[in-house]
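Can you keep this structure in mind? I'll have questions shortly.
To keep things simple, chains are lettered A, B, C, D, E, F, G, H, I, J, K and L as they appear, and every chain counts its residues starting from 1.
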Amino acid sequence: MKKLLIINGPNLNLLGKRETDIYGDLSFEEFLEKLQDKYDWVQIDYFQSNVEGELIDKIQEVGYSYDGIILNAAAYTHTSVGIRDAVAAIKAPVIEVHITNTTKREKFRHRSYITPVARGLVMGFGLQSYELAVVSFIE
Amino acid sequence: MKKLLIINGPNLNLLGKRETDIYGDLSFEEFLEKLQDKYDWVQIDYFQSNVEGELIDKIQEVGYSYDGIILNAAAYTHTSVGIRDAVAAIKAPVIEVHITNTTKREKFRHRSYITPVARGLVMGFGLQSYELAVVSFIE
Amino acid sequence: MKKLLIINGPNLNLLGKRETDIYGDLSFEEFLEKLQDKYDWVQIDYFQSNVEGELIDKIQEVGYSYDGIILNAAAYTHTSVGIRDAVAAIKAPVIEVHITNTTKREKFRHRSYITPVARGLVMGFGLQSYELAVVSFIE
Amino acid sequence: MKKLLIINGPNLNLLGKRETDIYGDLSFEEFLEKLQDKYDWVQIDYFQSNVEGELIDKIQEVGYSYDGIILNAAAYTHTSVGIRDAVAAIKAPVIEVHITNTTKREKFRHRSYITPVARGLVMGFGLQSYELAVVSFIE
Amino acid sequence: MKKLLIINGPNLNLLGKRETDIYGDLSFEEFLEKLQDKYDWVQIDYFQSNVEGELIDKIQEVGYSYDGIILNAAAYTHTSVGIRDAVAAIKAPVIEVHITNTTKREKFRHRSYITPVARGLVMGFGLQSYELAVVSFIE
Amino acid sequence: MKKLLIINGPNLNLLGKRETDIYGDLSFEEFLEKLQDKYDWVQIDYFQSNVEGELIDKIQEVGYSYDGIILNAAAYTHTSVGIRDAVAAIKAPVIEVHITNTTKREKFRHRSYITPVARGLVMGFGLQSYELAVVSFIE
Amino acid sequence: MKKLLIINGPNLNLLGKRETDIYGDLSFEEFLEKLQDKYDWVQIDYFQSNVEGELIDKIQEVGYSYDGIILNAAAYTHTSVGIRDAVAAIKAPVIEVHITNTTKREKFRHRSYITPVARGLVMGFGLQSYELAVVSFIE
Amino acid sequence: MKKLLIINGPNLNLLGKRETDIYGDLSFEEFLEKLQDKYDWVQIDYFQSNVEGELIDKIQEVGYSYDGIILNAAAYTHTSVGIRDAVAAIKAPVIEVHITNTTKREKFRHRSYITPVARGLVMGFGLQSYELAVVSFIE
Amino acid sequence: MKKLLIINGPNLNLLGKRETDIYGDLSFEEFLEKLQDKYDWVQIDYFQSNVEGELIDKIQEVGYSYDGIILNAAAYTHTSVGIRDAVAAIKAPVIEVHITNTTKREKFRHRSYITPVARGLVMGFGLQSYELAVVSFIE
Amino acid sequence: MKKLLIINGPNLNLLGKRETDIYGDLSFEEFLEKLQDKYDWVQIDYFQSNVEGELIDKIQEVGYSYDGIILNAAAYTHTSVGIRDAVAAIKAPVIEVHITNTTKREKFRHRSYITPVARGLVMGFGLQSYELAVVSFIE
Amino acid sequence: MKKLLIINGPNLNLLGKRETDIYGDLSFEEFLEKLQDKYDWVQIDYFQSNVEGELIDKIQEVGYSYDGIILNAAAYTHTSVGIRDAVAAIKAPVIEVHITNTTKREKFRHRSYITPVARGLVMGFGLQSYELAVVSFIE
Amino acid sequence: MKKLLIINGPNLNLLGKRETDIYGDLSFEEFLEKLQDKYDWVQIDYFQSNVEGELIDKIQEVGYSYDGIILNAAAYTHTSVGIRDAVAAIKAPVIEVHITNTTKREKFRHRSYITPVARGLVMGFGLQSYELAVVSFIE
């Protein structure tokens, strides 16, 4: 059974509460449950933290044993060289996802430190972005 | 039956011949056939041109009747305001795809004129990028 | 009888259909007819193409025999050195026009390759921009 | 009867005296008289000052009662946020005009603070630029 | 009795008239009266001009005798080295205030020539910005 | 009774010990006590952390129940998109404060990620900056 | 017998007619004939188009069978990623030539997308630039 | 008898009062008197204003009758296109002077709009800068 | 006995495991032991964390009692103003070290926030960089 | 008999020894001999120095008597305004050559101070670049 | 008797020969003789070299014994940190001079490494620039 | 016996004389003697020149026979591509050293052309920087 980990960065714990016009009113936990049901022949774990270093810790922890990581580093996408280095250091392939199309937002959100070290990027599909990343590991 | 059009920009007609270490040795036509078979309850059409204006013509032509466009504008991604304007003008949602992770390549390939007007972006998965885009329209 | 040619660049064939809140719902052909009637002692011809090279071809073709060209290069305004070179090479004076005030839009629309080689610039008056350019040749 | 005001910025009082190879040898007063005669069913008033604040004062003064302002802010075009703010604050539409094609001159003349808040822009036609602006209000 | 002078730059004489959705519909004179009543043990004088040089003149005039200056240089905030030099030259401390949060507006409003030579900055509180500056002198 | 929270970012726990010529020799705790006494009809709580993610946690925690947050993100002001996103996501208004005038310091301190999403900014008044922010909530 | 193809980009069909003070008054066809006579033991073919995509088509067409391509992409030199990609994709070595010394002209002509993927560059020798490129293939 | 005019820009009326460690404690009037005595076979007039437009007025007024202008535009040196245009428009040669070496000060003082249109530049010699400019007209 | 602390930033806990072609296959713990043996008349302590704020905490904790800190902030070198501020605030001298020559890597690794507040910098010597820093405190 | 001088800049004396994978293993002296033999009806002299000023001296020395200079300024190409000025000052036409295609190397090698004042540029052909330059003088 | 040294940088030995329309047809030696005669109560020595290091040597040599240096570093003005450091290291005051107004020339000539460490700057007066510098030492 | 060469660039011959508050009052010769005594089982030679090309000559001369070079290129660090190329061309490893922490000084001193081709960098330790470099070769 394949093992995938979805990692969400800062403020994504507010999904469903915060700026629902942009992000929708589904909490990530509700969405995750549906995703796990639909793809129940894959193990899909989940981790969220607002602390950059804890995200690095987690990436290191699973980076040598899981089959893939689906990473939405949120705000740290644009500022964290540390997460980039962790992604580059591990063995597991990492797919970067974003709920929104970040190029439609502020200029500082146009640069991602993660993309050049990720295997692939999926963005702009709302929560479906996570599902497409899961599919990419299955097919 | 849903109607999708895959549009490929310049030099993608060389797929399978050109720089096969980067792009693989499958021609796009061979790949397309498999894709059509696998998702045979969707109509997947295909168009390729090296001429910027012909890409614009095609986008305009199908932009009010198809359910979606999967666009790999290749080199024009980084230089064509005209294709961007066509994408913005039509009704059909457009998914931007790239075979490679363009942020790993030359700096001028990091900017896409298309992304800010596209519905979503899928890149870095090889030819699977096209399939994920198809899936995004089905789910 | 003076001979003028109006040249429209990419996507302007969608006028009246596309983003009508920005560009109005009059097609260019309808507008042109009125313009020709009002200034019927001048010959006002019209050409539109989405292909950069065809615009260059046309500019070269009429550039030594017409009395003036009214050029809305649309998206190519911001990216085409080729059209600029054609404008600089010919004898006929060229007036650059834009329907909207491009400085109110995205940053990449603020630079025009055409303006430095055009005789004059008229922009922001909607379709009236074309009429003012015609007037500039008559007076 | 429509009321228009032409406002000229710094050094335009030297027209006809200064750099006549660039600006021609007609003084603005002589030109104005002809313009008023030709369009005598419109009231065309005139104001010139070298002081940025006086131009702001004048724009504020007529901005709620005139039908339009034709503004050549000259050097202040490129440096005055204050005039921009005045233009943005008033009710009367403002047409920006320039005698020369400023994009053919020094780089610092390529940016206009006024254009993004103006209704339209006419430039490069010599003194005819003013006339085209008048026409735009009449038609 | 402490003596303070509030200095307002260009277009602030339009407060209550101009863009009332941004600036509110209270004129500055009405606001000032309330402020003077509330803090009646301090002398609060007022000066407004659209002319950069007159603002410099006034800063020089009171700069050696008043206890403080509350300066909203408006548009000149972003362009005037002269006002900066006047602020740097005098003895009285200067508090820079802005009604709006200028970092939410156009990019050219993000730089202030005044801030590096001001004692403090208060911005974004609407007209209350002025009151907080007054409080800073009292406490 | 209104509830306010003062949040201090990294190294502000050293106040009174570190670089006392710049920041003064009062510890923040001593200052806070005086502030609470003076405005004892308002509840003023306090939180400090050197960890970016803990600041985000705290902002999220109080962001839907407090009447206001007074935030000195210190070094994170210039580097944290995560804190910015937290500020933008919550309901409580946030006032940004700085002890020093950051525009007098190194260039990288001139940009604040926080200001564009804050309600207002007070800076340069030493510890009084916090008091003015408190006043802004009371008045 | 070696086979070479000379490819000329937009507006070079005007050679001998356009700006003859810069480019000389010899048409390219006249020059080509002399070149073919002088080096008659080599096959020197010729292609010109104003359409970017047709240049790409041609490069692809001969790129696997000819011994070399001499490419003057003219205006597209500075804007076409598509031609660059075609040059990089094929087997035949490409020599970039320019009639004039482009570094003496406008700043946007200083960057060539072609040079980094070309075998060599010859520029500034007038039409002799083409001859030197031919010589480079012979020697 | 030669006629020279010294024009001083904003805040130079504070010389001798303001920042005397930088500018010295001699007022300009005292210095001027000595200068006039030493070079009494030349007419040396003087004008100072804090208003940009009045400086332009004065340059225009004497620009066709005086033998030379010695201009210290102070803060306007770095921001005034209007003064630059006035200097370029007149007949009298203009020498730009600065008391201090502006390249030792803030970055925005490194650019002068005046220098490219001035005959010469003298800076860094304290008040002697004016004298050297006078000498340049005499020799 | 002198007390030194070596502080390692994010991902350096992977030394010996990660990218061993770049960083070698010695874990930092193994290296440290040898270092402590060789310089056994100095106390060399060690701390590693992936959390920016914990690094700040530690720097503050030892910054007033240790004789020196040897800091390899790794990824935070390029993004952390907070660590910089901590280094600047404490009494103990800090030597910045890097295993690799960071100027040979990506552009964003060329800027260090730490260097301007460090006593010295040693980089490019592999793990020997740490030893040279130790030597600098002994000599 | 025509007189040409080949001038080589710094480190080109190492040709054949240094980085032979890039520059080949032929010393320049060996290559030169062959070149002189092949074109023995032209006088081809040679000069090499690592000192910028000696290159300037030599350019000045032959610049009024030789028929042409073939200049590979190597590293000074990118940094020497002095050599540029020498080239601009003399009568003899100068052809700039480079062995490698400098646009494929570090960014700082993309700018040449020499090209804008040279007659022509030949680069990327290995040592054949020198021969093509010789041919350009003969034909 | 005061001792001054005039130092001229690269290519100034060509004065009177090179580009005489810009620099005049007087050689520097002829000009120097006149200058020495006119100010014969001052010792005016002269040194010229095209070698950057020799200019540094000379500045060091006289920098502790002469009363002043008049330095026209020519091309090295814009590229030499070494000459700047030499000027900053010595005791004798240095006046920077230029024959032409360098701000009217290429952009790379607008920056001087020398000016920020020079006592004063005189430029644009032709050879008179040197004389004004001499006068500045005498008065 | 290992052979090392210390190479010092421009103005370092003034050590002990120049700006002693920055560089200390020890001449380099005095320091060198102590260094040679302390590490007398290594041969430590020394070379200094103000001429860029002589530094290149020396690097080439010893670059194939010495065990290491310790290079303080001083001002040329920031401007010399020629020295960089020499360092890259030779066999002996080069350690770059600086007495001061150059990132605390002017911006143009922040870039080193040498570092990317050096084996390691030691800076900010005063003259001890040289000793640490020596140690790096011994250990």
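Here is the rule we go by: a contact is a pair of C-beta atoms (placed from the backbone, for glycine too) under 8 Å apart; a residue touches a chain by one contact, two chains touch by 3 or more.
All figures in this text were calculated on a predicted structure; none of them were measured in a lab.
The set of chains in contact with subunit H as well as subunit K is empty.
Shared contacts of subunit I and subunit J, meaning chains that touch the two of them, come down to L. One of J-K, A-B or F-I repeats the interface of H-K: more than half of the contact pairs, counted by residue number, are shared by A-B. Centre-to-centre spacing of subunit C and subunit E amounts to 47 Å, using the average Cα coordinate of each chain. In this assembly, the C-alpha centroid of subunit A lies 31 Å from the C-alpha centroid of subunit F. Separating the CA-averaged centres of subunit D and subunit J is a span of 55 Å. As a whole-number value, the distance joining the C-alpha centres of subunit E and subunit G reads 62 Å. Touching of two or more other chains is recorded for residues 51-54, 79 of subunit K.
Of all possible chain pairs, the ones that touch are A-B, A-F, A-I, B-C, B-G, C-D, C-G, D-E, D-H, E-F, E-H, F-I, G-J, H-K, I-L, J-K, J-L, K-L.
Subunit E meets subunit H in the complex at residues 51-54, 56-57, 60, 79-82, 84-86, 88-90, 113.
Residue ranges on subunit A touching subunit F, taken from their complex, read 9-11, 13-14, 17-19, 49-54, 74-76, 78-79, 108-109. Those residues of subunit G that touch subunit J in the shared complex are 101, 103-104, 112, 115-116, 118-125, 128-129, 131-132, 135-136, 139.
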